[in-house]
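Should a chain be cited, it is by its letter among A, B and C, assigned in written order, with residues numbered from 1 in that chain.
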Amino acid sequence: MPSLRCSSFAPLLVAALLFVPGEPRAAESAKQVILATTTSVRDAGLLDVLLPPFRERTGIDVKVIAVGSGAALQMARDGNADLVLAHAPEGEEKLLADGFALDRRALAENFFVIAGPPDDPAKVREAKSAAEGMGRIAATKAPLASRGDDSGTHQRERALFAQAGVDPNATWPGLLRTGAGMGPTLQVAGEKRAYVLSDGATLRAFRERTGLVPLTGRDPALRNVYSVLRVDPAKFAPGQIHGEAASKLADHLLSAETRVLIAAFGAEGDEGPLFTPLAGSGAP
Amino acid sequence: MSEPSFATLSEIALRTLVVSGSALVLAVALGLPLGLLLGGRRFRGRGLAVSIVNAAMGLPPVVVGLVVALLLWRSGPLGSLGLMYTPTAMVIAQVAIALPLVVGISHAAVGALGPEWRLQVRALGVRGARALWLLLRETKLGLLAAVIAALGGILSEVGAVMMVGGNLEGETRVLTTGILMYTQMGRFSEALALSALLLGITFLLAGTLTALQQAGRR
Amino acid sequence: MSGVVLEARELRVRPFGARSERRGGTESGFVLEIEALDLHAGEVLAVLGPNGAGKSTLLRALGGLEMPERGQIVAHTSGPVAMVFQRPLLLSGSVAWNVALPLWGAGMPRAERRGRAQRALAHFGLEALAERRGITLSGGEMRRVALAQAFVREPAVLLLDEPFDDLDARAQEMLSLDLRSAIGATGVAVALVTHDLRQAMLLADRIAVLLGGRLAQAGMRADVLRRPASAEVARLVGMANLLPGSVVGRDESGYAVVEIAGECRLRAASGLAVGTSVLAGIRPEHVKIDVGRGETSVLGKGLVARTLHDGVLVTAWIAWAGHELRTVAIAGRGLGHALADGDEVPFAVRPEDVHLIRR
């Protein structure tokens, strides 16, 4: 067997791999933004409408990484994202307080909805408040599909339980923790004929497929605000956070033109818009 | 989410071919020589190397994905390269998953020749490049099996590729991540369409390689 | 005497790793030490020894596959050295392709390769199998192919590791005949390694006995067989009868008289001094129990202890002087009667056939 001289070109190949052409390099950081956001925003399709005008105008590549709010905020803490779009007020406040975010500005809002099987065995419809509705589900140990992933939706779920006097960590046989996004969680709820707390937009998108019906109205406790947070570049190594590009994106999302797009989103038919724009209307 | 057109679906399929193809070529180019070396030569620590390769063959792909992500994230050591959420990152992850397969199986193919093979071939007066050619000829079946195994692993990979690629529309969405996404969104017709494409590609490629392999069985 | 083609001088070889011979095992501390060994053109040297003695190591060293720690192998020829291993390697492809392989390795053009391969195939009667696949062959056929592979290079030196292993007696005979004629036709120098005396005898012109990594004896075949240098060598070369005794005098013909026990004595053609303690070695075929032809005087009478009849030869153990003499004779010939246990038989041994080894 000859001494395989080709074994020495293996490391060369590995090095060459890193230089596959067409990938943005550190010098081109101004052209790339990592936007960490929630699955509900992605699944609703809102960003598909809001981002293309920005891409066209600035040529900046926006990478939308849809994980839960909790994970998005953690990415910000780790310096793995430039901009966060989340709907978890407590977590966002903490991020701001801990100095990882430059600011927190409201983008849009809609309402969470408690949805469930049409026959509503726990009589959530008759509850006087959203918190009471969740309390009834816990009291009757009705099946409940929970995201269990520290997302904005999950955090709201726990807050409502706390409001109803139920231990947020309580568990019963019908409690199904999917650890997944809103869509899959809704599908599970539909299959198991369980209750579920969901944002209005995703629920509407999945309503036919799952057969779930909304059981609550516009309770203030269900108000769901989406905010934009810019990650502070100063907290990390120089160049790690693409602050300039992120600021441009933030400005675009909060601009007047975008408000129009948001207001029009999903407004076909008689259902009304899925989101209400908030930018420019003061602190959330 | 916009309705995916035929153009979108074919774009996803094409990207799958490019990413998986590159990963396969790289894994084979790196792995075959390594496997031949590992199987053909005796050296100190060879037993350890073989154990590592065998363990790596069973490594869960998602773990590989996580490790690659940890490396490529902005906060990671290679973050400044800006490779996260790019096709390159996906190729890296797929190569990492497929490489142990190629090395492990090709090393076994060479090992099956027996410990005296090298010596005997040399004793017959065949050396250098000719000896290598002979080795490849004799292990052809096993080597192609390694390639087919790598192909299977690469084409079916979803977890790692999702993690390091992000399933970004128009950039890093491939058939597997697309299928997963559409399924989670409940859009089963798109999911099935992509599945059919993926199966088609898999059968086509695996079939071609198998034909090559069987041709060597004359 | 033909010319020396390959010689080993002051060789010391430590085999790589713990490579084991087929049925034995070499310890990691094993060392092969050879003062001098020669291979002559047109002659076969059989290297005989028990498993683990270092025979394969020696062969590999001669073939340049093991680096000696000390000493050197000197080749007095520029021709190739071909080696055939214990387990012949056959690659996928036809028999003809396999046989031509060494020529391909040397870069020979196809037309020339084909001609040479044909001749090699003919030497070993393989023409009919030329297009068969390697894996479909029997053990004996595979060995022929391996030999043809070696001969196709027109080697100056041929090294064979247990070439008759796993072959039945008839196959062994046929192969030795073909090998013998091929050797004669090409004048190649051959070293053949085996643990089996019979296999060695089929082809050997010279014999070298290897014991524990050292050369116990080397010389022309007849010399080694008739005059082994030690008891171990004697046993290896088939001198089964080794009777302890001492030289007590000389007779009128000048032969040494060896006393085995009491009145039981042998005469040996030896120059050892009176009083020497010796082992009297006699090959079984030299113990004649078909006495009556008047060749030599009767030496003694012994009792038949047991017999073995394999259809061709009769082996008998005869009790005499407190020992058992092993003797062998061709069945039916020279024995006017069948031997039965307990029979008293006279036997004779020529003094020239008694070999004395100092004890």
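The rule is short, and it goes like this: a contact is a pair of C-beta atoms (placed from the backbone, for glycine too) under 8 Å apart; a residue touches a chain by one contact, two chains touch by 3 or more.
Predicted, not measured: the structure shown is a model, and the values here were computed from it.
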item	value
Central chain (distance from its CA mean to the mean of all protein CA atoms)	B
Selected interface, A-B versus B-C, where C-beta contact pairs are more numerous	A-B
Cα-centroid distance, chain A relative to chain C, in whole angstrom	87
Rounded Å distance, chain B centre to chain C centre (Cα mean)	56
Rounded Å distance, chain A centre to chain B centre (Cα mean)	33
Multi-chain contact residues (two or more partners), chain B	127, 131
Contacting residues of chain A [partner chain B, same complex]	1-2, 4, 6-7, 10, 13-14, 17-18, 20, 23-26, 28-29, 32, 34, 43, 45, 48, 61, 63-65, 78-81, 180-181, 183-184, 187, 206, 209-210, 236, 239-241
Contact footprint of chain A on chain B as seen in their complex	1-2, 26, 29-30, 33-34, 36-37, 40-41, 73-75, 79-88, 91-92, 95, 118, 127-129, 131-132, 135, 166, 168, 171, 184-186
Sites on chain C touched by chain B in the complex	17, 63, 65, 80, 82-83, 85, 87, 89, 91-92, 101-102, 104-106, 149, 153
Chain B to chain C touching residues, read off their complex	42, 116-117, 119-127, 130-131, 134, 137-138
